[in-house]
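The following blocks contain the structures, represented as structure tokens.
Each of the two complexes below includes subunit A, the first together with subunit B, the second together with subunit C.
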Partner chain A sequence: MNAVKIYYTMLHLECACMWRKQLQCLQGLMFFCLSVVFLPFAVGSDLNILQAVGPGYMWIMAIFASLLTADSIFSIDNQSGFLEKTVSAPDCLTAYYFAKLTAYFIFSSVPVILLTPVLSLLYQLSIFTIIILSITLTLGTFILNLFTLLGSILTLPVNQRNNLVQLLILPMITPVLIIGTMASYFTEPNQLTFSYIYLLLAIFLVAMFLLPIASIYLLRCGNT
Partner chain B sequence: MGITLIKSSMQVNSIAIKQLTYDYQDRLFERLDLIIESGSLVQITGKNGAGKSTLLKILAGILPIEPHSMFINDCNDRQVFALYQQRIRYIGHQPGCKAELTVDENLQYDSVIYNQMLPMNLVDHLTHWQLNHYQHNLVQYLSYGQKRKVSMLKLTCFPGQIWLLDEPYVGLDKAACEFLTKIINSHVQNQGIVILSTHQEIANFGLVAEKIINL
Partner chain C sequence: MFILKSYLSLAKCYDIAHRISSIISPAIIPCFTLGLVWSLFIAPTDFQQGQAYRIIYLHVPSAILSLNLYFIMGILALGYLIWRIKIFSLLIQCLAKVGIVFSGLALVTGSIWGKPMWGTWWIWDARLTSTLILFFLYLGILALNRSITQSRAKDSACAVLTLIGTVNIPIIHYSVVWWNTLHQGATITQFWAPKIDHAMLKPLIYMLLCYIMYVIVVVSNLLIKAIAERESHTQWLKKRLLEDVF
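What follows is the complex of A and B.
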């Protein structure tokens, strides 16, 4: 069996796992929906304020929403002894890592990204802002997920469900957060918007290259 | 150089640990030496906390050790170690199956982990472990003993030369214990290596250990 086929089989099974834990995955989505819907109640229905605050606010809430279930990514496998089994067959660790990454992205971030345009209508954001928001969020949450996986591997030996992962990751992704929110503040096409997006893309490419190497190495080193 | 030649058909003839010192909170092993040859059944005994599970995890490559203290076929090359790891079937304290997947899906996962196709006569394998009625049940609803059996399935479904079993008889019913004894004996006869840790007298199960490592 070649690597791609191994990856697809693992992805399929990981997605089946996530699908059977729907309630946990819905947690992030619910959090995102509620926090976005409730903002006008807090700051008033003045469209000027909402349009000024909205994109950045949605960005931050989307990031928090995808962080909510972060500590369970590898800890369930660790407690059930599944991780040990995977580590003792080291050829498949790379496929396992990428299957986990993709499944986590699909179930924690994609629903949030898909809901963003719909919820943006509440703040009457311009079409351009919505498009930029979706693009930056896709890149941003993917970078975030790369860091989340690294963080959840690092916190495995602690063996307790706590918010250590979030504490560890938030400082690391603050630059991404700043760049992402800056990019989505403009209401019409602007030179600066694209330079922010390129910057995000650059971070994405660097993270996509470096973080899997670090994470797989940590997994292999017997962090269990 | 010669490694590429023996790649696919490499047979593990001996596993040797030389002068291993290992700390896990306390010092567990001090200059431990051991040699295990193919076609042998090795029992690891020792009191609680003596490091039985740790030794098995070291042998499985789950806990990393210094590269010059473990030798496979008198050779401590990384490539040889990777080939050795492909032949390991490790069963730890935890069953090691995914609770959200069915028995069948867990086997599919194992088949990609061990890079072997699912056997054609899968139902026979399931019947040996009395799991034939549970093929499409979620593992989370099975009992502890049944979960152990699901993890034992990989011994027969995906053959590997080295079996590392941590307290294998715990939680198994009488029929399963007898079947486990039978497959361990035939595996040892076929030049396999079985290393198991247990407190119980394995003679009671009908096994004869060629070597007992007392930690």
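What follows is the complex of A and C.
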């Protein structure tokens, strides 16, 4: 079998597994919804404040929602021995990694991204802000998922369940957060907005190049 | 390369660290005393900031070192991942312990300095923020290092994390600079035309050297402990420890 075929098989498998664990996938989504709804209770229902804080707050909560289920990505495969088999099988590992990445993106981030425009209406954000927010969140959560997978591989040998992934990942993704939120603070089309999106795209390309290499390297020879 | 290799074994490094520590340790206290007297009493008073500026002699070296130690760790991590030299990974964990202390010290002395100068303990300014993030990066490495028990997995996980952090630090720094800037610009790094007076610069460089000396001593002591923990089952260590006792 060639690599692409293995990738599709693996992706099918991962999606089936994720579909079985619906509640776990919904966990992040519910967290995101609730935290967005709860912000006005804390800072008051003044629309000026909500519009000023809203995009950045939604970014942070999307990041937390995506990190919520991070430490279970590889641990089940590790316990069942599936990961070990994949590592020892010839040229399976890369396909496995990318299948995991895609499945995790589809099931943990895509629902959040799809719900963002709806929830933005609660803060009465402008149409342009909503569009930009959706675009930057799509790119941003994908970069975040690359980091999350790395973090979950790094913490595989850790015995007890803990929240180490958040500590490892959050400082690393500061640039993504900064650039992503800067882009989404404009209320109307602006030259600067697009330059921020291009910057985010640049970070995406660099991360897409480096992080899979590091993650696959660690899976192959470090941890299991 | 072959000769170098013999110096990279844990047993050899154990001896070297012992020797470095025994040579430099006695000099630390006199050197620091001299540096403190020079910087706190002899160096001229700043005409704008008065006596309060003298905290730079503690603040600037720790800030410089906290960043540079991370880059050294990054190089060591690359070396570990390429050649699998154990001593590099032990050095990474020792340097991380010193680095977190220095970044914490830079933050604390910085806010003590900021109170009389800017009027607040904390400003969301680029340098402060990136030092804070650096502190969390160190914290992440140490936490990961502490929570993995199996030594081989620990080494490669920490090395990969350090390397990714090293690639990331410039990106973090420039994004934070873009985000906000209020801090005074670099004064020493503008090498050809330093804005700081020579009478103030000399004790600063002297203090930096003292700090580097301190790092060397502390790292070699930590390294001795780390090697002893890692190699506790081996014969050579038992022999070495017996030699020390008798």
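Rule of thumb we're sticking to: the second predicted complex is superposed on the first by the 222 of 224 C-alpha atoms of A that agree within 3 Å, B and C clash if a C-alpha of one lies under 4 Å from a C-alpha of the other, contacts with A are read in each partner's own complex, and residues count from 1 in each chain.
Note that in this section contacts are C-beta pairs under 8 Å (C-beta built on N, C-alpha and C of every residue); 3 or more make two chains touch, one makes a residue touch a chain.
Just so it is clear, the structure is predicted and the values come from calculations on it, not from any experiment.
Asker: Look at A:I178 in the shared chain and tell me whether it touches subunit B only, subunit C only, both, or neither; answer first, second, both or neither.
Answerer: In the superposition, A:I178 touches subunit C alone.
Asker: Quick check for you: in the superposed arrangement, does A:P189 touch first (subunit B), second (subunit C), both or neither?
Answerer: neither
Asker: Mind working out whether A:L164 is in touch with subunit B, subunit C, both or neither, as first, second, both or neither?
Answerer: second
Asker: Would you check which partner chain A:G44 touches, where first means subunit B only, second means subunit C only, and both and neither mean what they say?
Answerer: After superposition on chain A, A:G44 lies in contact with neither partner.
Asker: With both complexes superposed on chain A, which partner does A:A214 reach: first (subunit B), second (subunit C), both or neither?
Answerer: After superposition on chain A, A:A214 lies in contact with subunit C alone.
Asker: Quick one: is A:G81 in contact with subunit B, with subunit C, with both, or with neither? Answer first, second, both or neither.
Answerer: Touch partner of A:G81: subunit B, not subunit C.
Asker: Based on the A-chain superposition described above, do subunit B and subunit C contact any of the same residues on subunit A, and if so which?
Answerer: The answer is residues 221-222 of subunit A.
Asker: Taking the touch rule as given, give the residues of subunit B at its contact with subunit A in the complex, in rising order.
Answerer: 57, 60-64, 82, 85-86, 88, 90, 92-101, 105, 108-109, 111-115, 138, 151
Asker: Write out the stretch or stretches of subunit A touching subunit C in their complex.
Answerer: Residue positions touching the partner: 150, 154-160, 162, 164, 167-168, 170-172, 174-175, 178-179, 182, 203, 210-211, 214, 217-218, 221-223.
Asker: Any idea which subunit A residues touch subunit B in the complex?
Answerer: Touching subunit B: residues 1, 5-6, 9-10, 13, 16-17, 20-21, 76-77, 79-82, 84-92, 95, 221-222, 224 of subunit A.
Asker: Which of the residues in subunit C come into contact with subunit A in the complex?
Answerer: Result: residues 81, 133, 136-137, 139-140, 143-144, 147-150, 152-154, 156-157, 160-161, 163-165, 167-168, 171-172, 175-176, 178-179 of subunit C touch subunit A.
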